[in-house]
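Sharing a structure, written as structure tokens. Questions coming.
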Amino acid sequence: MDKIKENDTVELTNGKDRFFIKIEKGKVYSTHLGNINHDDIIGKEWGDTIQTHSGHNFILIKPSLYDIIMYAIKRQTQIIYPKDSGYITLKLGLRNGMKVLESGIGSGALTIVMANALYPDGRIYAYEKEEKFLNNALKNIQLAGFENTVNAFIFDLANPLPEKNFDAAFIDVREPWLYLDNIKEALKKGAPIGFLLPTTNQVIELLKGLKNHGFINIEVQELFVRDYKPIFDRFRPEDRMVAHTGYLIFAKKGF
Amino acid sequence: MDKIKENDTVELTNGKDRFFIKIEKGKVYSTHLGNINHDDIIGKEWGDTIQTHSGHNFILIKPSLYDIIMYAIKRQTQIIYPKDSGYITLKLGLRNGMKVLESGIGSGALTIVMANALYPDGRIYAYEKEEKFLNNALKNIQLAGFENTVNAFIFDLANPLPEKNFDAAFIDVREPWLYLDNIKEALKKGAPIGFLLPTTNQVIELLKGLKNHGFINIEVQELFVRDYKPIFDRFRPEDRMVAHTGYLIFAKKGF
Amino acid sequence: MDKIKENDTVELTNGKDRFFIKIEKGKVYSTHLGNINHDDIIGKEWGDTIQTHSGHNFILIKPSLYDIIMYAIKRQTQIIYPKDSGYITLKLGLRNGMKVLESGIGSGALTIVMANALYPDGRIYAYEKEEKFLNNALKNIQLAGFENTVNAFIFDLANPLPEKNFDAAFIDVREPWLYLDNIKEALKKGAPIGFLLPTTNQVIELLKGLKNHGFINIEVQELFVRDYKPIFDRFRPEDRMVAHTGYLIFAKKGF
Amino acid sequence: MDKIKENDTVELTNGKDRFFIKIEKGKVYSTHLGNINHDDIIGKEWGDTIQTHSGHNFILIKPSLYDIIMYAIKRQTQIIYPKDSGYITLKLGLRNGMKVLESGIGSGALTIVMANALYPDGRIYAYEKEEKFLNNALKNIQLAGFENTVNAFIFDLANPLPEKNFDAAFIDVREPWLYLDNIKEALKKGAPIGFLLPTTNQVIELLKGLKNHGFINIEVQELFVRDYKPIFDRFRPEDRMVAHTGYLIFAKKGF
């Protein structure tokens, strides 16, 4: 792994406090444990230690995709969380070289995870109706370093897609059943497709649509994460958890 | 995506039946809907249709990583399931170019998913005590096409690791707390590490060990998948579900 | 607690094997650990020990309501499980003296649990369309000792109810939204009502109906039980669990 | 059901707002929808309507046990929630006439639910170390109307129990494994016993103790409630849920 340079996002941790900093020449970052000059971080290696002006040590960590998605990107929409996006990537079989349809792009959180799986030869074609979402998502994708893996467009799925022959697709829009003709036409036969929908009413509409459009291998799933208190002599689950983000629906284009 | 050739694993589906075939010249595959010559599949494109000798059509699908792990690989051990492996990959921040420690290799199911995230420049160093597991895992890794991303060794973690400076690690052994000195020494500072353990007793021992060895950002989590019957007019959860595969423990190497 | 007499249901346990026997004079019960004469059990106290003719000891246990429902009653329908029926009883506020509407009666599993909460002065009016279900349920209710707390009728909810002024109700039929006029008319103002439905489509229809009929305090809930392996040095969840029995819907009659 | 009288707890609901009032002669209850004289409620029937001085209608509802436990009792401790207490009552097989051991009494939430199942001839012997908890719990038990079903004592389980021959027991103390000798001695053979413990470490200690003391039919379980948004055209789970209150452990006294 290379040295830390301008525009990199760096996690500073002392085991208790965690800060995420985007490195810019000449800037100073202030914490309750003292200040750090961005310039002093440039050129260091990942894993090196840096000291604040008041003598506190922090490790310089390359943020994981998980941390980038959860803490570093700017959210303008509800994001698809890592519990779901890691699984989606596997269910869609994403790997190097594939050509993937995504719509909408939201804040780009899923786009980043999918891009990592397609890297370096694959491409995501991301179609988004709202210009402000697209612009924000592209900044987030750049922050994660995948700007060359994503082609993004202002586009409404109500129209036939300009690109065809997709190996896989993920659709995160409110009424995906309205666009199944256009989506199906753009997919290779047998190509896997995924959807995320928050309500059972939407899932029911989509299941009708998928059946009517001849999709096969239809599945609906939910994923949950349960956190535990990591204390060795009082090991127990946390009191509360996220109970719902959305239903995942998977299918494949049939004949 | 390229054409189907010898040694590829192909999914044949008609929307109801699914078969996974490894293509070998001259072979015949028999189903209750008729026979198919492997030679007739070679040269077809992914997504093409093939007909059995008795006139039934099947689509030729490139199996997803999910399907390879769940249906195509040969299991000699309990595997790490996609619900967990997709998430592990994100929590460890795996991406192109990283150098990753894995031990044991099991049947290679997690290795395949991690290799996909590291591709093409990253490397997994997989250490496994049991030769029979290693040999089987390597066959599975080759089936998935990641033989160049994995270096595998017969090795016992009770010894100091021959490789150092790992960017991340995943440890799936019965008593990982015994090896934390050796593992820690091989990791970069700040590097993320994950573990999977089935019992609370093991988690408790590991939490003690991680604390004593100065690991930071310690977390324990469980993931669940709930399946639904995908029927639009009787949409409801399946009657039964997998309730436990293992606890996931994540941490980072501290100072 | 009194002595064991004819017609009592007795659990015999040695800590490993469990048998449920309905005591009948002159009968012999055979196990792989030897035979027991029913007559030798009559007159013993609950908690006493009995020996098979081949010298193995069993404790005579009064079966709990849980055990009666799960193991002793004869099932002709899907039953409402203890995880749900204990909760339903609390949500409906059932206690001594209340007059409760139930329909259908199924196999009587919920009826037994509700009767226990109403005992001795309360009454359940159970309306069931199918004579064979009613007859079986009444036998089960008698087995549990609540025959004086339940009045059961062959009756179709499509007709106005002959009894009125109910303090609470539980409705377990396929299309409860069809009968809300008749049910509402039979309830006291403010009276709590519960429903169990397996599919989201049914819940959606019922929610529409409850809103249109002016019901208030509407809630939908699901309950889960997760079992653990009770082994002190390998304490962990069981591999599989029941994922769905039904959605519980609660409301109160409004103005 | 009788008329509303002094000292009754009444729920006032208009379908949106809910208030719980303990009726005291001469008092006035103020809401943002106007005032209500307690004296105007006395003599009304459950289900009747009352109007505030500014003309808003409320239904007078007899609070369910669920509502008493969740909203009306005064809590000085973490309570055992209805999702658990309804189930505990069934697992312990509580019904009219049984003699039940409880320790500690906490805020009396479980005591109330158990008392309802034992009514009218059963008795709970509740042993509590802390006088302030006992006094508060007794007030709550009286509020629910079960003061004649509960005998409560200041008592430490480290001493042999003054009462013997219990039909069932529920123990909610921090280190129950320390008292298993005394508890066992006070139980009938075959009697069911339950425990609630928040951490896995405690469960592990208890499992050891139960095994060493010859308890049989040992089980460990967790219960979950998942709430849904009760909206017919956007039916979906709530965003968050309670993930943990405690592990339930059940067993029976062996030979």
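Order of writing sets the chain letters: A, B, C and D. Residues in each chain are counted from 1.
As a working rule, contacts are C-beta pairs under 8 Å (C-beta built on N, C-alpha and C of every residue); 3 or more make two chains touch, one makes a residue touch a chain.
On a predicted model such as this, the values are computed, not experimentally measured, just so you know.
The chains in contact with chain A and with chain D alike are B, C. In summary, the pair chain A and chain B forms a contact in which both copies contribute largely the same residue numbers, shared numbers making up over half of all those used. Each chain gets one centre point, the mean of its Cα atoms, and the points for chain A and chain B are 20 Å apart.
Distance between chain centres (mean CA atoms), chain A to chain C: 47 Å. The set of chain C residues that touch two or more partner chains comprises 200-201, 203-204, 226-227, 233, 235. If each chain is drawn as a node and touching chains are joined, the picture has every node linked to every other. Across the complex, chain D is touched by residues 200-201, 203-204 of chain B. Those residues of chain C that touch chain D in the complex are listed here as 1, 11, 13-16, 18, 46-49, 57, 59-67, 69, 82-83, 85-99, 113, 116-117, 119-120, 167, 188-192, 200, 203-205, 207-208, 211, 214, 216-233, 235, 247, 249, 252, 254-255. The touching residues of chain B, counted against chain C in their complex, run 198-201, 226-227, 233-244.
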